[in-house]
Amino acid sequence: MNMLTKEFTIGAEIKSLVRDLFPICRSLTGNGVRETLRIISETLPLNLVEIPSGTKVFDWEIPNEWNIEDAYIKNSKGVRIVDFKKNNLHVVGYSTPIDKRMPLAELEKNLHSIAEQPDAIPYVTSYYNKNWGFCLTHNDREKLQEDDYHVVIKSTLEPGSLTYAETFIPGESDQEILLSSYVCHPSMANNELSGPSVLAYIGKWLLEKKRRYSYRIILIPETIGSITYISKNFEQLKKNTIAGFNLSCIGDERHYSNIETRYGETLSDRVVKNLFKYDFKNNTTYSFLERGSDERQFCSPGVDLPIVGLCRSKYNTYPEYHTSLDNLDLVTAAGLSGGYQLVKESITSIEKNYTYKVNNLCEPQLGKRGLYPNISQKGHYGTVNAMMNFLAYADGTNDLISISDRIGVPMHELFPIVQKMYDNGLISTIETC
Amino acid sequence: MNMLTKEFTIGAEIKSLVRDLFPICRSLTGNGVRETLRIISETLPLNLVEIPSGTKVFDWEIPNEWNIEDAYIKNSKGVRIVDFKKNNLHVVGYSTPIDKRMPLAELEKNLHSIAEQPDAIPYVTSYYNKNWGFCLTHNDREKLQEDDYHVVIKSTLEPGSLTYAETFIPGESDQEILLSSYVCHPSMANNELSGPSVLAYIGKWLLEKKRRYSYRIILIPETIGSITYISKNFEQLKKNTIAGFNLSCIGDERHYSNIETRYGETLSDRVVKNLFKYDFKNNTTYSFLERGSDERQFCSPGVDLPIVGLCRSKYNTYPEYHTSLDNLDLVTAAGLSGGYQLVKESITSIEKNYTYKVNNLCEPQLGKRGLYPNISQKGHYGTVNAMMNFLAYADGTNDLISISDRIGVPMHELFPIVQKMYDNGLISTIETC
Amino acid sequence: MNMLTKEFTIGAEIKSLVRDLFPICRSLTGNGVRETLRIISETLPLNLVEIPSGTKVFDWEIPNEWNIEDAYIKNSKGVRIVDFKKNNLHVVGYSTPIDKRMPLAELEKNLHSIAEQPDAIPYVTSYYNKNWGFCLTHNDREKLQEDDYHVVIKSTLEPGSLTYAETFIPGESDQEILLSSYVCHPSMANNELSGPSVLAYIGKWLLEKKRRYSYRIILIPETIGSITYISKNFEQLKKNTIAGFNLSCIGDERHYSNIETRYGETLSDRVVKNLFKYDFKNNTTYSFLERGSDERQFCSPGVDLPIVGLCRSKYNTYPEYHTSLDNLDLVTAAGLSGGYQLVKESITSIEKNYTYKVNNLCEPQLGKRGLYPNISQKGHYGTVNAMMNFLAYADGTNDLISISDRIGVPMHELFPIVQKMYDNGLISTIETC
């Protein structure tokens, strides 16, 4: 199987997982999350953790568990004009139960639509304020006439638990790389089935490879989930985490993006910016001021984990975001494959990132090792430039990312060169981090 | 009284003081300085200090005191063709007495005019070299014909003293902010009645407000005055001064300017550049290489007080500078009000500048405190951005100026946000400086 | 003799030395190097050092000594169609001896020419791989027809020694400036007779002047010579070298260039960039990534001597480079004079570079010392700006190069100002480095 075929295959496999997960109604808590994690665990074994409602996590508290069976608005003729069974975005997330008749004017107070995107059902939640509501396309909303509407939401909002999953994949070192994505969004494909689906396959790949570092993969509800996870694992995370990535909206074909840590200078920042310099060229680096996903918590003052956000088109920047248009057309096998490659290359670059030091003073004689053209003539120097420039900065103060940045040669081009130098006894490594 | 009216009123009040001071003939020393300080002390109480002629101050020596009663050039018909009583700029500052008849050729050696500004009387001094001279418009000079001129200067240059004023306004902290301007220029309005007049009203405002820091306001003759003041108060100034501003040419309407300290990185530099970024937008920052007023002494090597120069149009950059055209038309109520606001905002920003640290790990739950919209929908995040971004950088290493610079929100917009965060127990302060 | 005449004269003298050295066939080793150094020592006394073949120097080994008596290709009519006696570039450097008849097809394998420069004989060497070859113009090569060619190279490649020269010129301080160039190229004028020729005259100038620092001048074969020299003198070089320059291609009229050290921040880097800012304005600064001469060894990790490469047109950037077109037309008296001035000014600037500190607090009174115009009038300040700005940054943290960079005044304009300040007791020096 050649590289291109393999890349296509992995994209198609991830897309298939996205497709399987798409119909499930997820929220911060509830059975939709559990079903989602169960399906993912068929690809990547996961440990499910349940945190009871009411548990304090830093400044927050685990909310009641929300489950929903059915929801609709019937007109006076008994026709379901808005139906949760057709699209779970129709119900505001965490809606309290209701069974009531009301005129249009009263109903309107609890309806949500987007005038500028009249064909899109918006995604709306009300996690921390008891409320109910329905979302619909603006076109459908405009058709509503005065009538006696029957509004039904068969939901429960009761003490239960918040569910998340984690898996720990040990490596040679105790030092860890944290990989995170979230499972709290209902039927939207990029935000957010792309993240957990790509992560499942990254986990599968990690399990099969030799690992220098250990990996901690978590699938959590956004915000409350990361706060909960950090709260429960703070010391461990602070002690061992040397890098990490939060995956979100990583399945469309348009673009590559990263969201920097607070000061943009961690190992994770550096490796992604290096990859963006040479590869994944259609990209944007967003500062922490543009954050919006769980990097908000991972990078908050005092937590300060070196976690960078990775996206294809960043959340909140593409028109389909948080609407029913974020669907299985937007997220493609090619798009998911690109997202997967970005994560994989970031990890590979960190795994192969060492600080090197030359073993000799002055340039080594490459010729006697067969590493240099033996005839010297004008114009013949280009071929060994990368090798010589790598050695010039292998002074024990620069890691490979720095050298790559400085000498203008991508990491993946340096890997075989470095290996050759190492095998020839020309350089030694100093463990980074 | 609304804000606009108040601003206009303060400008008009300052202009009135400028008008009262304008006719007085000031110089480095002498009764003109004393009369000027007496009038200012009706607005802001001042302590007058007299330093005897001959006193050594660092590399300098207090010069003799200069006073002048009258001066003129009469033609052979007995007409005063140049008359000190009409404009005190007609006499070179520190002119020695003379009473002598002479032909035009001899007179010409001691005349000063500006060919490029034929309507302007130039401002000329000869402080440290015994000399006499007259200044006149180039137009008038060109009309002079061969004649027997009678030249009279009734001045005295004798041991006396150098006069300056200071006032100390204590605050909660011993740490001081130094405010300085100078009173050695005769009848010119921007350079320099604008500075001491604005400073009088700043002092008045400071006396009426709650003060975190202490304030030291000085009104001195330029150069020799600041050298004298530093020489007499060196240890005190070095120990307590955390910021300060030297005011000059702060009454026209054209522009805002600051002159950086030697390396441009003190608290005073930072606060002014922050204000220039968001407000007072028609501005120029001049490096220390463009200095010309008492920042030359305050920032000299080893003195190194954190004093920034504040101007509207910087001295030496506007055409009326150091001529009779720098008059009561150039300096306006609106111009003075703008200068006053710049100084007031600079002080306010320093008073409210603390280094903050969040009290919790991870983002706080703003919703339960009524600080966050409870319904989450696409597009609704903008309103709390400043709040969240402030918290993101409240990590104990950034003061409010740094945070404002970084997150793109003016200080005055942050003040109420910070207060709200503080009142809700979300942040603590670490005293700066 | 005025300055211009003197400059022309020095250029003509250097050109004369280049002309004398031009015909000699030099290589890494051999009698051509010895003869070259003997001729140079008539201008600058030199100590010759011989290092036996087989000696280990870091990762390298001194090669056998190569000497050549004659070489040619004769056609079947006995005509020398390629003749070493006409141009020593015709033979590949370090060619092994041969005396053999062969057809064109076999001969072609050992011929070198440049299709894009059909009139140029290329310069080719094969130092570390036993081989033989001839170089010729592409035009001549295209004329070759099928024939029975007689190929003769009367060379020897036998144990002997590598020859280099050094001279040590002591100064008041043990701290040294290293000056290096190389003598391993056959008949080419810019690369590389310009370097050793300019250096000979720099050495002569140094011998005649008062010297703050000591100077170590070395003339070596490139690469193996610098590796050898560093290997033999490592501790001494590391202990005392505060700056230095490697001269190469310093005799054409087109341009000035420097090649930075690895991080571009040493004293040598700073002084050259300062000179390039104000003088020698037609210049390019190349990063260490563009290196190619002995700065490769001097600046290698762990060696890290502060040696900057100085060129007129940098090697490998001008069309005549490493061909017979790099001849006595390319290198001119004016070009050599410019190269000489660049080295001389770099040295002068380092010799006069001190860190200064003012002796007084606040500005000194320049007037009483006759250093300031005594009449103060608008526009009269310009003349003392450089003086005042120098004093403003003479705070004990900036050396003169830094001050020159910062205040926008060339070093050579500052020298007399600094001297005046020093003579007036206004400043003290703190020894740099």
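So that you can tell them apart, the chains are marked A, B and C in the order they are listed, and the count of residues begins at 1 in each.
Rule of thumb we're sticking to: a contact is a pair of C-beta atoms (placed from the backbone, for glycine too) under 8 Å apart; a residue touches a chain by one contact, two chains touch by 3 or more.
Just so we're on the same page, UniProt names per chain: A, B, C = Aminopeptidase-like domain-containing protein.
All values derive from a computational prediction rather than experimental measurement.
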Inter-copy rotation, chain A to chain B, in degrees (Cα atoms; steps of 5): 120
Chain C against chain A, contact positions shared by both copies (same if over half, else different): different
Inter-centroid spacing, chain C versus chain A (mean Cα positions, whole Å): 55
For chain B, residues that touch 2 or more chains besides their own: none
Complex interface listing, chain B residues touching chain A: 357-358, 360-365, 367-368, 374-378, 381, 388-389, 391-396, 406-408
Footprint of chain A on chain C - complex, ascending: 58-60, 92, 112, 114, 122-129, 131, 223, 226-227, 230-231, 234, 262, 288-289, 291-292, 296-297, 299-304, 316, 321-323
